[in-house]
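Two complexes come next, and they have one chain in common, chain A, joined by chain B in the first and chain C in the second.
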Partner chain A sequence: MLLSDLLDAPVHDADGRALGFVVDVRLVLDGPLDGVLAAPRLHGLLVSPRTGSSFLGYERTDENSPALLARWLRHRHRGTFLVLWDDVLPPDETHTPPAPTITLRHDYRRWSPALPQH
Partner chain B sequence: MKKIFAVALGVLTAIGGFVDIGDLVTNAVVGARFGMSLVWVVVVGVVGICLFAQMSGRVAAVSGRATFEIIRERLGPRVGGANLVASFLVTVLTLTAEIGGIALALELASSVERRLWIPFAGLAVWLVLWRVKFSVLENVAGLLGLTLVVFAVALFQLGPDWGELVDQAVHPRVVEGEGVPTYWYYAIALFGAAMTPYEVFFFSSGAREEKWTAKDIKQSRVNVVVGFPLGGLLSIAIAGCAAVVFLPRAIDVTSLSQITLPVAMAGGKLLLALVILGIVAATFGAALETALSTGYTLAQYFGWSWGKFHRPAQATRFHTAMLVAVLVGTLVLLTNVDPIAVTEYSVVFSAIALPLTYLPILVVANDREYMGEHVNGRTTNALGLVYLVIIVAASLAAIPLMIATGAGG
Partner chain C sequence: MSPRLRRHERPFPPDEQLPDPPQPAGLVLDARLHLLDRQLDDVEGTPVMTIDDLELETDADGLTTVVHLLSGPVLATRIFGGRPPRDRWHRVAWRHVADVGTVVRLGIRGDGLDVLWVERWLRDHVIGRIPGGRHAPE
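Let's look at the complex of A and B:
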């Protein structure tokens, strides 16, 4: 699976209700060592309810400037959440093309899209 | 002492490097048709490029990421990719215009056909890209470009009616016989000539080439805030020369020899020789910058190793991309297109492509994760938002105006 298969893909819950679109993926570097860095692992998907366009990174922090831009993007992407990759049902490989739909487990959990503060 | 020298060198190269074929042609064409009535656009454009270059330079110095790495990261592969295609094509178009400019200037100097010079100009650009160190190519072209100051000297020697010129500049109105859409079309062209995307790719990637850190922010700010406005004054002098010589006679500027004519009228052979030297240096320098920018944008989007600080063998795809871009530009020119016409289109397409490059930089310049204490201040952000509106408006208006006016007719 490629990153571009995931980005902009529609997301549904187990009952088939539309939840939004994948706007970004979150990777963590905790795999085995690959060269100088740990191999990245797909941690989860960022799902925005209304649009598949970019959030420009405002979901990661509480950064608030330039104010007009931040406010507009937050409004456009309100309700964005992080869903863990473990809560995503394995994609139906027989169902290509068109672009796959992401389906979540019925007990999936919505996490805050912000990065943990350190 | 060393520090003063470094600042002076930075400022001087910023002045000499500011003017390229886009500024030369657009300012002369506009001066001849509209007098000084579009000088306000040069001012708006210069403030804009100061703001944009200063932000992207600061982002590159602090976060270590050049402009297209930021674009790729914030816009994602798809919109980022569309942006890459647009920015890359505009940069190749600009590169084509610059190589054409070198050939035209050499034709003026030698009376040998420009088509014979084109392959040599392309070859020379590629050889310099391949062999010469970054700091050398940047400084030599910038310093020689300073000889364009003869446009200002010529303007004084022509002894114009200053009151009339100032009046045209401060009370802008559409000259009789020109339509309002044409006026605005050229306003966008001038804006695109002053705020060209490649300048920012080059500036931010150059910050990485020269290994800037947060400590260098102050000096880079001085280079930009002093150097670019003085470069802008050169642009205005070019427009002024054309306004004095061509506007009263209702002559359109369509060739490089016309652009240099006011200088020859004012100062004879000596100034003419200097201005040709300046044009060769300015277009050659800009050809290097645009060619490097094609390599930077592609390499930064795809994550290839890039930069002149690598040997060509260690950054093969970066160097191949530049070679192909120079080759394409040269071949396009050999089809006998008019370099002046290519230039006029390149500045308008620059204005069209600008918003997608500008927006991610404005956002990242505010991101504390990347920038720490060096985020934008309130004033910069207020100005940044005003320019976002201007840039988007110019970009949206450009194509309709191009169609309505038949590209300036």
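Let's look at the complex of A and C:
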């Protein structure tokens, strides 16, 4: 599976209700040690009501400058949430490329999209 | 205009305060924010490629991890959709990555990587045949 199969894919809940689009994929370097670094494990998906303009990440960080741009982009992406990969039903890999729809489990949880402060 | 849910289609209030997710032990990276379109340098700081995509693999335990960084002809597919054929991707294994920052740095020299075959071919067959093309300028 390629990352681009997930990015911008529409996301639905188990009842078929549209929730938004995958704007980014959260990885955590705590997989098996692979060379110098640990392998990045797929941790979750960031889902936003909009697809475009999230690449700057203003809705995920405390970055506030330039102020007008930050405020506008954060406003556009209000409603963004993180859903953990364990709450995603396995994608149908019989399609090539895989079917571009992400379906969440019945009991999925929504989390804040903010990046942890290291 | 890029796809979006219209205001009346949004299932949740937009200004809802959500709880913080469980904190994982390792470094957290957002793929598009921290990896895609970043420059990949080799151990000597020589640019190798730009990261255009990532290849993910799911093992027998259900753990999905990044195994390769990919570079390829993505301009047309980013505009019109789809993805390049598998044989057009150049792959660099994640195990060669030594650091992730403003650029992604490899722990090896780029000379042996497939992604630079065009540069090597041009150096040996074109630049090298120009008088003075086999040494640094004086």
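Here is the rule we use: the second predicted complex is superposed on the first by the 108 of 118 C-alpha atoms of A that agree within 3 Å, B and C clash if a C-alpha of one lies under 4 Å from a C-alpha of the other, contacts with A are read in each partner's own complex, and residues count from 1 in each chain.
Everything that follows uses one rule, which is that contacts are C-beta pairs under 8 Å (C-beta built on N, C-alpha and C of every residue); 3 or more make two chains touch, one makes a residue touch a chain.
As the structure is a prediction and not an experimental result, all values here were calculated from the model.
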{"item": "Superposition on chain A - do chain B and chain C clash or fit", "value": "clash"}
{"item": "Partner chain(s) touched by A:60 [first = chain B, second = chain C, both, neither]", "value": "both"}
{"item": "First, second, both or neither for A:14, with chain B first and chain C second", "value": "neither"}
{"item": "Which partner reaches more residues of chain A (counting touched residues only), chain B or chain C", "value": "C"}
{"item": "Partner chain in contact with A:89 - chain B first, chain C second, else both or neither", "value": "neither"}
{"item": "Partner chain in contact with A:68 - chain B first, chain C second, else both or neither", "value": "first"}
{"item": "Overlapping segment of chain C (options 6-14, 42-50 or 60-68) - the one that collides with chain B in the superposed model", "value": "42-50"}
{"item": "Intersection of chain A interface sets (partners chain B, chain C)", "value": "3-4, 7-8, 23-24, 53-54, 56-57, 60, 115"}
{"item": "Sites on chain B touched by chain A in the complex", "value": "73-79, 359-360, 362-364, 366-369, 375-376, 381-382, 384-385, 388"}
{"item": "Of all residues in chain C, those that touch chain A in their complex", "value": "1-5, 9-21, 23-33, 35-36, 53-58, 63-67, 70, 77, 83, 93-100, 107"}
{"item": "Chain B-touching residues of chain A, taken from the complex the two chains share", "value": "3-4, 7-8, 23-24, 53-54, 56-58, 60-61, 63, 65-69, 115"}
{"item": "Residues of chain A that touch chain C when the two form their complex", "value": "1-5, 7-8, 10, 13, 17-21, 23-32, 34-44, 46, 49-57, 60, 78-79, 81-82, 84-85, 97, 110-116, 118"}
